[in-house]
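Read from first to last, the chains carry the letters A, B, C, D and E; within each, the first residue is number 1.
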Amino acid sequence: MPIQYYIFFCLALFSIGVIGVLTRRNAIIVFMCIELMLNAVNLLLVAFSKMHHGAALQLSPTSTAGIDAQIFVFFIMVVAAAEVSVGLAIIVMMYRNTHSTDINFLNRLKN
Amino acid sequence: MSIIEILFFALSAFAVVSATMVLISKNPIHSVLWLILVFFAISGHYILLNAQFLAIVNIIVYAGAIMVLFLFVIMLMNVKDDNEPQKKMIIKFIGVLSGGSLLTLLVALVKQTTQLEGKQVFMKEGTIGLINPLGNALFNDYVLPFEISSVLFLSAMVGAVIIGKK
Amino acid sequence: MFLLLFLLIPIVAAFILLFIKNTATSNSISIGAGILTLIGSVYLILSNTGDYDASWLPVINSRFSLHLDGLSKMLILLTSITFPAIFIATKNNDISKRNIFLSLMLFTQAGLVGVFLASDALLFYFFWELALIPVYFLCSIWGGEKRVAVTFKFFLYTFIGSLFMLIGIIYLYSNTIDHSFAIASLKQVSISGSQSATVFALFFIAFAIKMPIFPLHTWQPDAYEQSPTAVTMVLSAVMVKMGLYGVIRWLMPLFPAAFLAHSNIVVTLSVIGILYASFIAIRQDDVKRLIAYSSIAHIGLMNAALFAHYQIGVQGALVQLFSHGINVLGLWIIADIIEQQTGTRSMKALGGLAKKQPTLAILLVAFSFANIALPLTNAFVGEFLMFNGLFQFNPWMAALAGVSVVLAAIYTLNMVQKVAYGEISEATNKMQSPNKNAQLVLIVLLVIVFFTGVYPQPLFDLTADTLTQLFVK
Amino acid sequence: MNAIIVSTLMGVIMMFSSWLTSSAKAQRNIGLGGMFLLILANLAHLKGWWVIDFDTKGMLAFNPIGLFANLTLFILTFIYLWINGEEIEKIGNHTADFYAIFFFILCGVSILTSFDNLLMLFIGIEILSIPLYILTGADKKNLLSNEASLKYFLMGSFSTGILLLGIAFIYGATGSFHLSIPIVNPKTQMVTENFLMSAGLILLFVSMNFKVSAAPFHFWTPDVYDGAPTVFTSFMATIVKAAGFIAFIKVFEMQRVALGYSWTIILSFVIVATLLIGNITAVFQRSVKRMLAYSSIAQAGFMLFAIYGNSIFNTEALLLYIVAYSLATIGLFAVLVKMKDYSFESFNGLAKKHPVLAFLTTIFLFSLAGIPLTAGFFAKFYMLNALFTANAGTWLLITAILFAAVSIFYYFRLVQVMYFTAGEPAINEVDKKYELKLMVVAIIIILLGVFPSLLFNYLYF
Amino acid sequence: MKLIIGFIVLWPLIGFLFNGLGRHIWSKKVIAYKATGYIVASFIFSILAFLNVQSSGAVTIHYFDFINTASFKIPFDLRVDALSSLFLLVITGVGSLIHLYSTAYMHEEASHHYARYFAYLNLFVFSMLLLVLGDNYVIMFIGWEGVGLCSYLLIGYWFSNATYNYAAKKAFIMNRIGDLGFLLAIFWLIVKLGSVSYGTVLTAESLAKLSTTDITAITLLLFVGAMGKSAQIPLYTWLPDAMAGPTPVSALIHAATMVTAGIYMITRSNILFSASEFTQHIIAIVGISTALLSATIAIKQNDIKKVLAYSTVSQLGYMFLGLGVGAYSGAVFHVITHAFFKALLFLGAGSVIHAMHHEQDIRKMGGLKSKLPITHITFLIGCIAIAGVPPFSGFFSKDEILAAAFAKSPIYWALGVLGAAMTAFYMFRLYATTFLGQFRGTEEQAHHLHESPFAMTLPLILLAVASAVAGAIGIPELMGGHHWLSHQLIPIVGEAHEATLTHSTEWALMGISVSIAVIALLIAVNRYKKNTDGEPQTALGKFLYNKWYIDELYETAILNPLNKFAGLLKDVVEKNIIDGAVNGTGKVVQYSARKIRLLQSGQVGYYILFMVLSIIVLFLCWFNDLKILSFFFKLTHKL
């Protein structure tokens, strides 16, 4: 499977995430789209890790090259989890005060 | 056309479609569900790539924990599909346009990258995706970041406490 | 080491003043400091003190080095005459928070002396700004009703200029072999013609704004008009000299080629400025603005003479640096007395001074004629030589600039006529007993005017070494 | 290593200190003690007296400059806490937690000053950011605070996504998260271009710009700085930003080569944009707090000069700038905290009522404006010099100083308001002790303004 | 000798300081004695100097270096030679007489004003002497401007009167215009010859160094200076206004001495002028036209001093005619004689005015013959002298000039004679209307009419004698004289060369001019013996009465435009254009501030959108870097 396919696929997911961030107004949905972006990156990393791993296996059958990417993905998930906890807390706080999760509603601070 | 390729394209298509559904579905809850489907698809890809551990973790953490959290929040706020106002069409259009152009830009880049030509992804074989080597790596080379990520969690915890406490 | 005194005395006095509320004491302290520096500077001229050099910023190899030559001596003398003169003359003006006022003035003095002494580019820039900042506060706090805006304009204008200079300094610095700001090593820098032209421009803008040269002059009349006269005296007697000093001390030696290459443009600008300012001065009704514009014209002439770059003209400019300082100082003091006592600066409202306060009127006439460079006053010597240099550079320029001699006569005599002569106006009638301190100062200045006018040789001797340095091939 | 461990421990201790004692004062003192300890630990590492030896497996690499950066940032934090202690307590009843968060942030800082692996960069940035979202929203009842924190959070996580994509690309190109020095082709004197790598670097560049709030990725800054509680704004604008810059320079001082010439263009673009937007927009602000936010953007524009070239000199210049800028900003915000409202009008006639305070404010403003005799002047001077050593075009320098001149507009506007506008300042009572603290800051500024080498002498041990 | 010459200059200076500083201390008597005494002293010294020159030729004495720089030096030297010693005598001699006269004339002034007056007068004598004695052009220039200053101060002596001040200012400024020319000439000399000392400049070899253009330019510029000082067209209008000053001042400064400075200067540098044919023509033309113009104006003036003023201008015109035709000694001769009779006339007028209580309009006088006998006689002598009736002094000097003019070109001569006729006419018109006929003034004027005190009449008598016999110093050969003066001046101007004319022609010319003059004066006398002319009726009359409307012309053609121009600069260029540009930049900044801040819309969506867009922009920048880069590099290299 050529790497490009994976890259294109991941980029597509990533951009969909971006588009989501740009087009939706509900904070939660926006946040979800960001999560989507992160996942795209995850998959990309794994794909790359497998690519490098394959290349390394040609040289030495015992190489573990590419494992660091998968570890990285693991950490991304960790961070994502932490982020979600904080993020949702913030959104909830916001909701408490304004009873809305509409980001267009956030326009007291401007200019 | 090998089975792997078929699976790959099927999963990819499925993922892209459901990702798009996340965007276009009015009701937030539907979006969440669609997103979960995306995650499943991605997990499928992990399995294709023989990254079993990540596949599991992805299901557990994302589909299992994070998305449930999202669901809770949404339901707690009982955001109805009707009460989410839409952005102006033009803004949406611009958003799609810029996102699309970003995509095309990056794709063009990748296409021009000579170094990637002929590089193959090593499907379904390879052991690095299994728990054992990952565990070794994590607790040997990556023990420091592992420890440090605890700091992250601590601060997130404190933060949640600060923010959440009435 | 002795040189440090000229920086330390004012600064120390300034700090002391910050804590003294009593007006009388603060007056006497400031005057004392002024006199002290005056004595010091006289001693400085008679003795031959060496330079001072100490480590300052080892990291970038910038040194606290002061260099003393004839020009510096003369300008330090001018500074040390100006400040005590101001302190004495404006002793009785009612100024709120006088101690703060005086201490800021003394800080300015320190800055000015530093500028005239520094031989390290960065140090020079440092003092350059140090002299400016107190003035900003002096003008904005104690100035006229439009003071804040006007002063801000003035400050911003000069500050931008000095920033340009800073760029120039760094440019040269980064091209020095031994990475130093010392003027000696800046001279060694070898950069291409176009580059040196750029850096020249960067420096010149700073100096041109300070002098000021047409068309960068618009801050000046407003600033002179709005700032308290004591400060105006400093500005026009000493501060504008910073620009000319910069030209002589930095521009000429550092960019000989670019200097000559641009002399045509600069001289033309200056001459335009001379005529321009003189014409505007003719139509002024405000005494201070009139003096301001006339001072623009005079400065323009000096600058033209410098850029014409003939030994005789430069010599004239060197002398004129001093003479103009003295003359304009006298005029400002008179203008101040008039404003203080009549409460107006409009020449329409004035008149009959000669009847009301004959002595002051005579002084006014005397200084006015010094201002238009009547022979046997100090200004004549300078202007004669400067015109000479300009004439050698280009007769037509000299002729054009010479028109200003007539114009100067017109506006100065207008002023004299409207202020001193005619029947006593009710504004003039308000004047009480003459201000003895000021008149004493004026008389001393007048003595200097005529002495250096009849026998200018001391000034020539004083600045001889500077001149030879400039024209050594 | 010392710094990371100590800060983590202190963070944990602070978390639980609210059980040990409920008095905010005691908690603050513990915090200050902890800061002192942290500084000592870092100093020990710097001087090599006592180092916790730990095999980081190439995750971290400690070098003197990084440690020195730590030291300066810790000291700045100490000063910050020392001055703003009471103010922090006024926000909610979470003093201990706030201190804990500060320590976690400092942990992130010390990671960012010493990371040697993109994974650590990522974690460090996250440790830095996530607590900030919380600090921004700490004033829970205040809508502005909420709004700010939500905006910050959304944009922050978006930029995280960008960062990760960049890292992914780099990994794809190099096969490692370790930033190795790119190989320069001896013939062409250029790096053989790998588009994937370059794209990754650009994305990285973008997200770093976001962190240091450089235009056109600055949009969060004004709103967040404006909305966040003032005390925390001052922390964000100084220490956090500085850490971001150090990470920035660490990433790019080697990698810029990989981008070839285009690096200059992209950076110039960002610099000019930042200077323009920061300075111009600051001119027309009603609220001093917001003006300072924009001015911090403008200052970032100046700090970016350090990224331009890659001489050791640049890092020094950056450090001096950080110190000068942070001191002045901390001071200004400390004054701002005492104001009843943040409009310029509220400063009317401050010089009459609180001459000392007004004078100190003036010094801070001068330092920001880069007037000689203040640290700010030498900061700017070194930056310009750095730009020269990187032989940038003169046009860039002239742009820079023109904008520096523009900055005079808004800094002096405040001076004018304080000194030359009559009126009653809307200010809470300020006790002598507070003024004394600020005076210390001012004295440091002046001292550095006359002898900047005081700071640098420590770099040449 | 050094001391003597030094003190010639110093006495008046001492007098100035004495009176100027002590003006509140001394009594009028002291002031008067001192002031006059100093001038007399300097007169005596001048005589000594003169005799010394007679015995042992010219002397140049070095006092100190005025300017001494690496590039060049101006020594402060004084030089006494034939020319300057003559002028010394005239200045100090006439000067002391006029001082004496003034003591009485100004007696009504308050004592400190009295002192001020004499201080100025002494200062004037000082600068005049400096002008004459200086050994180089710079010192001459110092004196030159000095006398200008004094004339300014003295014209505006009654400073509370605005019109007087205006006249003073006008005088000074017009002089300044001339001085500018003089100054430029000096620069030219310095550039070409590197020196301004007569010793080096006025020599054949330095003449050889100069191209004809140089010489023409220099001489023309010098002549411009002379125009200003000696009130020639176009710079003459200040002199009539200068009559605002006290009458003795008019006598001393605006008749006898200062206004002749121009003649002195040109005579002094005659070598240069003789070398430039062109300039000489210019001078001659300007001179003669001035002479005629002012003569015509003088015919219709009714202010006694104005008439004399215009006659002065006209006489100066004659002198320049003389210079123009190369009769330098003749010009100097006329200067001397003119100094006597014009001073006499002015002082006479002064005593009339004094008697008439400051009434200056001759139409209100008349029949003063009997009331003021001495004044009348002396005034009459003056008139005859100026009219050029032999054997009075005016005849000889004027005739010498005319002869030389004829030698140059008959037209000059013809015009000169015409002018002489007019001179005779208006002078005797003046004489007749003032002294003949019967008194037309008010009653109480008539009642107070009295001859002036001795202090005033004595100078009159002495000057009358002088103007009667002064011709003796220049009796031409053909009258059996040997023209002592021209022999005197040989070292300065070389051999006088009117020998070109045959004796017969000379006699003829003399005859014609004299007869015409006599006829003119007779007509004038019996026309104005009885009646006076009231307001002029004829167009020509008005035209002349209004001085050819020259002042108005200057007003509209030069002053107003300049004023407008200055106003334009002040109110439009300065305010709107230059300062406008400065403030404009500020405005631009503020405007763009107002606009750019709208970018910060407060909408997260927009923010992120902007971020994405700018990422794209960055990528694009990086894509085709080479294009953009080359552009930037161009820019960089430019700067």
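Basically, a contact is a pair of C-beta atoms (placed from the backbone, for glycine too) under 8 Å apart; a residue touches a chain by one contact, two chains touch by 3 or more.
This is a predicted model, so every value here is computed, not measured.
Under the contact definition, subunit A and subunit B share the contacting chains D, E. A comparison of C-alpha centroids places C closest to the centre of the full protein. The centroid of the Cα atoms in subunit B and the matching centroid in subunit C are 72 Å apart.
In terms of their C-alpha centroids, the spacing between subunit A and subunit C amounts to 67 Å. We define each chain's centre as the mean of its Cα atoms; on that basis subunit B and subunit E are separated by 102 Å.
Chain centres here are Cα means. That of subunit C falls 36 Å from that of subunit E.
Across the assembly, subunit D contributes 119, 123, 126, 130, 133-134, 137, 140, 150-151, 154, 158, 172, 199, 222-223, 394, 398, 409 as residues in contact with two or more other chains.
With touch defined as above, residues shared between interfaces to two or more other chains in subunit C number as follows: 198. The residues of subunit E that reach two or more other chains are 597, 600, 602, 604-605, 608-609, 612, 615, 619, 639, listed in rising order.
Here the chains touching each other pair up as A-B, A-D, A-E, B-D, B-E, C-D, C-E, D-E.
Within the complex formed with subunit E, the residues of subunit B that make contact are 87, 91, 94-95, 98-99, 101-102, 105, 109. Residues 64-72, 112, 138, 141-142, 145-146, 149, 152, 156, 159-160, 162, 165-166, 169, 172-173, 176-177, 179-180, 183-184, 187-188, 190-191, 562-563, 565-567, 569-570, 573-574, 578-579, 582, 639 of subunit E are the ones that touch subunit C when the two sit in their complex.
Residues of subunit D that touch subunit C in their complex: 316, 366, 371-373, 377, 381-382, 384-385, 388-389, 394, 397-398, 401-402, 404-405, 408-409, 412, 416, 419-420, 451-453, 456.
Residue ranges of subunit D in contact with subunit A, taken from their complex: 119, 122-123, 126, 130, 133-134, 137, 140-141, 143-144, 146-151, 153-154, 157-158, 160-161, 164-165, 167-168, 171-172, 175-177, 222-223, 226-227. Residues 150-151, 154-155, 158-159, 162, 198-199, 202-203, 205-206, 210, 216-217, 219-220, 222-223, 259-262, 264-266, 268-269, 276-277, 280-285, 392-395, 398, 406, 409 of subunit D are the ones that touch subunit E when the two sit in their complex.
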